[in-house]
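Input: a single structure, listed below in structure tokens.
Residue numbering begins at 1 within each chain, and the chains themselves are lettered A, B and C in the order written.
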Amino acid sequence: MEQTMSANGFVNLQETTIARKTKQVNRSNNHIKGEKIFKGLLNFAGLLLILVVCGILITLVWQSLPALRSLGLRFFWTDTWNPVTNVFGALPFLLGTLITSFLALIISIPFSIAVAILLGEYFPKGGFSNFMRSTIDLIAAVPSVIFGFWGFFVLVPLVRIFEIKIGVSPNGLGLFSSALVLAIMIIPYAASLGTTMIKMVPSALKEGAYALGATRWEVLRSVILPYSKSGLFAGILLSLGRAIGETMAVTMVIGNSNDLPKSIFSTGNTMASVIANEFGAATDHVYISALVEMGLFLFLVTFVINWIGKAVIKRFSKNG
Amino acid sequence: MKKNIFKFGSLAAFALAFSIGLTSCGGGNGSANGSDSASSSNEAITGAGSSFDNPLFSKMFAVYHDSAKVEVNYQSVGSGAGISQLTGKTVDFGASDAPMNGKQDTAAGATVLHIPVTAGAVVVAYNLPEVKDTLKFTPEVLANIFLGKITKWNDPAIAAANPGVKLPATAILVAHRSDGSGTTAIFTSFLDKVSPEWHTKVGTSSSVNWPAGVGGKGNEGVAGVVKQTPGGIGYTELAYAIQNNIAYGKVQNKAGNFIVPTIESVTAAANINIPADGKIWISNTDAADGYPISGFSWVLLYQEQGYGNRSQEQAAQLVNLINWMIHNGQQYGAALHYAPLSAAAVSVGEALLKSATYKGQPILK
Amino acid sequence: METKLNYRIAKSKGMNWLIILLSALCVLPLVFILIYIIKAGIGAINWNFLVSIPKPVGEAGGGIANALIGTAIIILCATVISVPVGIICGIYLNEYKKSKIAYWASICVDVLQGIPSIVMGIIGYLWLVLPFGGHSAISGSVVLAIMMLPIIIRSTEETLKLLPDSLKEAAYALGMPFQRVILKVIIPCGFSGIISGVMLSVARVAGETAPLLFTAFGNPYVEMRLTQPMQTLPLLIFNYATSPYTDWQNLAWGAALVLLIFVLALNLLTKLITRRWKVQL
């Protein structure tokens, strides 16, 4: 009796253990299955990313083939843009992009480096620094269409007055106005990266220089700036990449003319603004394709610039 | 603890936002399905094109929405874009102030009907606060201004046409269109006919290589630049100039008269035989009291409406709308300074509209 | 000697002031823009402005309800699409650092981040508008979602990178399977970083105009269907800003103020979150 009872108890115990075990096995099976699904999902997400980017690239290349075929490399160095005769030369827009973004860069560099020094060296912490940093970040957050709107109503009339003063044709709208708007827009990019880079200068170096009797400016000029120059350069490159691709603000203040720009005060078009203006209206497939080709070129140029910028940062951070 | 509460709060907020997002998207889909199946009579119609027509169209479509309960989404993106979007079959109808050219016809792939809906004037609008008189423009002066050869307002050529008017020495800023535009086509077709130099250097098209000036997007953009810039000159549809108190000049026509753009002078120019396909240019008119830079504007639609996954209801709705525009809709033109269609033009439009089919069957009985 | 030293000190002081002056000048544009837009926009905003749709061209009055609702719908849908994908991609990049695919995927994130917005507009038109026979809100949402991805992915990845390995190891030691470690331990710990990335990405695309030019297209009516064209705030600002109609310009200033407040508030909120939890982005 006792035997059977205990045997029964044992059996029961055994059964429950087995049940629990199978449950556990089932659960871990489920876990393994879940893990497989989850890992599959992760891998799929990674692949999806690559697919999207490749898809974008392939679409752009595919769609620009007709223009490449019918226009060839002439596309990049002829200056006639004539949808009527299907002759497309992108030189005015290449120049427009080049002039506006480099002018913007030149205007913005003193400002962005000053901010970087201020936040990286003079006031690395504290309320004032926080205020400055927030303000600069907020500039980066203002939508470009609002910059364009403001530029059109506030900056352009000012530029017109300036142009009358110096005696050039008072368009107001033009390359110069867009460069000014762009300069404001890109300062935050170079400034925030520059701040980080200047903060990374080892304090031993700075203290050494101070100990030798250098003034603050001398420390800046001969220690901090040389040490962080590649980082600052990278920041400037990234802001250039941003300026080249900028569309709306530029479209609203550049004057949209398809001629070769004669001076920095003349009207023009950038590659991005010409796409914004004409892509919706292009019927002929060579016309569409010429615009897509410009988009592809824009894509490649910004990619290369960002790439170099990021490579410089990587090297700098490794050294630092 | 406090931190946890805050964290939980933000988690909840995020979850809430997320679920709202889901439901609103779901809701959006749901209503789309609902209206697709249940009440396709209230399907929205999408159109795009001419900004020349926009003041008139937006009025017409607002009235039509009130009476027929059909939403017509018309985007004023320029005639060129109207044609290309119709060709890309992304809109139900296009609108253009220039008939489609051979290349555009080829791209369209099938017959596109041109239904004349209105006629209007392209005016020479300028911004000279000092000048109170209405300026007169001869064709030569106009061509030379837009060629960039006349750069000051007190140029002798302008002064010669405007005796007694004290012209300022302000620099001229030419404003033109940056997008493909029927307004440009009407304007350049006039300059092309009157100026040999314009003909050889620039020509006529819906987008040309402008020798001078700044580009604005749409009639809106050109009028905006002119209004914004002292010394500015540009060409826009009459309604844009009047509604925004921008001065506009008289232009000398073929008969040698300086004509103020009005409904009457446009009607005079439009008073000619209209071919059966509706396509006709009326710039540089022979009529002695006709305004020389006038033009028709057309609604464009595919003759065969049964393309893509268009339903018969959609096609019928579209044709009914256009039929309304050329009949009842005409009464809204006058207040906006568009010339109403002549009886002849209406009957041409009607005949064209009757030729529209859905899978081979005529739509309008 | 004395004079030279004085000169050096003076020069240093002068440069100090120059740097402070230049930095102060950088703040000015934002202040100007804010003041100008608030001044021009505040008068335009009233109840009617928020709830009614635009009037026919040239008629006074009207509002931007169509754009407000359109922007809300398009951005919500973009968020719904991009957040799960972005977070999963971020986890993938963090967990599979050494795999070949992850290496390329990581490069792709950089590429995506650099694509000019107008090019994304072209892509949206070619992928989603032409093949489906019409402009639609959803095509705009998808394009914006793609543009949001890099920010979400990077913030997820960076946040997860900062979490100590011991967290994960402890969870594994308790016998938790991989997916639960990620979903129940890693993500909740990095939640604030991820959410600030999401908010930043929303703030970034809320003001995007170029990708919507050829996709969402615009609509004078309040539209709820994702398959139809929709108006958005940036499109409305672009179209109305350069027009000659004073009424439209006023609507555009009002819309710009609404958009600016939304975007800046999101940014400040993100800052608050990151500062509170000391997240790095």
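Following the convention adopted for this analysis, a contact is a pair of C-beta atoms (placed from the backbone, for glycine too) under 8 Å apart; a residue touches a chain by one contact, two chains touch by 3 or more.
Since the structure is predicted, the reported quantities are computational estimates derived from the model, not experimental observations.
J.: Which chains does subunit A share as contact partners with subunit B?
T.: Where subunit A and subunit B share a partner, that partner set is C.
J.: Which two chains are joined by the greatest number of C-beta pairs in contact?
T.: Top-ranked chain pair by contacting C-beta pairs: A-C.
J.: Quick check: how many Å separate the C-alpha centres of subunit B and subunit C?
T.: Between these chains, centre-to-centre, one finds 34 Å.
J.: Could you work out how far the Cα centre of subunit A sits from that of subunit C, in whole Å?
T.: Between these chains, centre-to-centre, one finds 13 Å.
J.: In subunit B, which residues are in touch with two or more of the other chains?
T.: 216-217, 225, 228
J.: Find every residue in subunit A that makes contact with two or more other chains and list them.
T.: Subunit A, residues with two or more chain partners: 152, 280.
J.: At least two other chains touched by the same residue of subunit C: list those residues.
T.: 242
J.: For a test of understanding, state which residues of subunit A touch subunit C in their complex under the given definition.
T.: The contact residues of subunit A facing subunit C are 28, 31-32, 34-35, 37-39, 41-43, 45-50, 52-53, 55-56, 59-60, 63, 110-112, 114-115, 117-119, 122, 132, 134-139, 141-150, 152-154, 184, 187, 191, 215-218, 220, 241, 244-248, 252, 272, 275-276, 279-280, 291-292, 295-296, 298-299, 302-303, 306-307, 310.
J.: Taking the touch rule as given, give the residues of subunit C at its contact with subunit B in the complex, in rising order.
T.: Answer in residue numbers: 55-59, 72-73, 76-77, 79-80, 83, 129-130, 133-135, 137, 191-192, 195, 198, 217-221, 223-229, 239, 242-246, 273, 276.
J.: Which stretch or stretches of subunit C touch subunit A in the complex?
T.: Subunit C reaches subunit A through residues 8-9, 11-12, 15-16, 18-23, 25-27, 29-30, 32-33, 36-37, 85, 88-89, 91-93, 95-96, 99, 101-102, 104-105, 108-119, 121-123, 125-127, 146, 149, 153, 177-180, 182, 203-204, 206-210, 213-214, 234, 237-238, 241-242, 252-253, 256, 259-260, 263-264, 267-268, 271.
J.: Give the list of subunit A residues in touch with subunit B in this complex.
T.: It is residues 80-84, 152, 156-157, 160, 169-174, 251, 255-259, 267, 269, 277-278, 280-285 of subunit A that touch subunit B.
J.: Subunit A touches which residues of subunit B in the complex?
T.: Within the complex, subunit B touches subunit A at residues 77-78, 80-81, 83-85, 87, 103-104, 107, 151, 171, 173, 178-180, 203, 205, 207-211, 213-217, 225, 228-229, 231.
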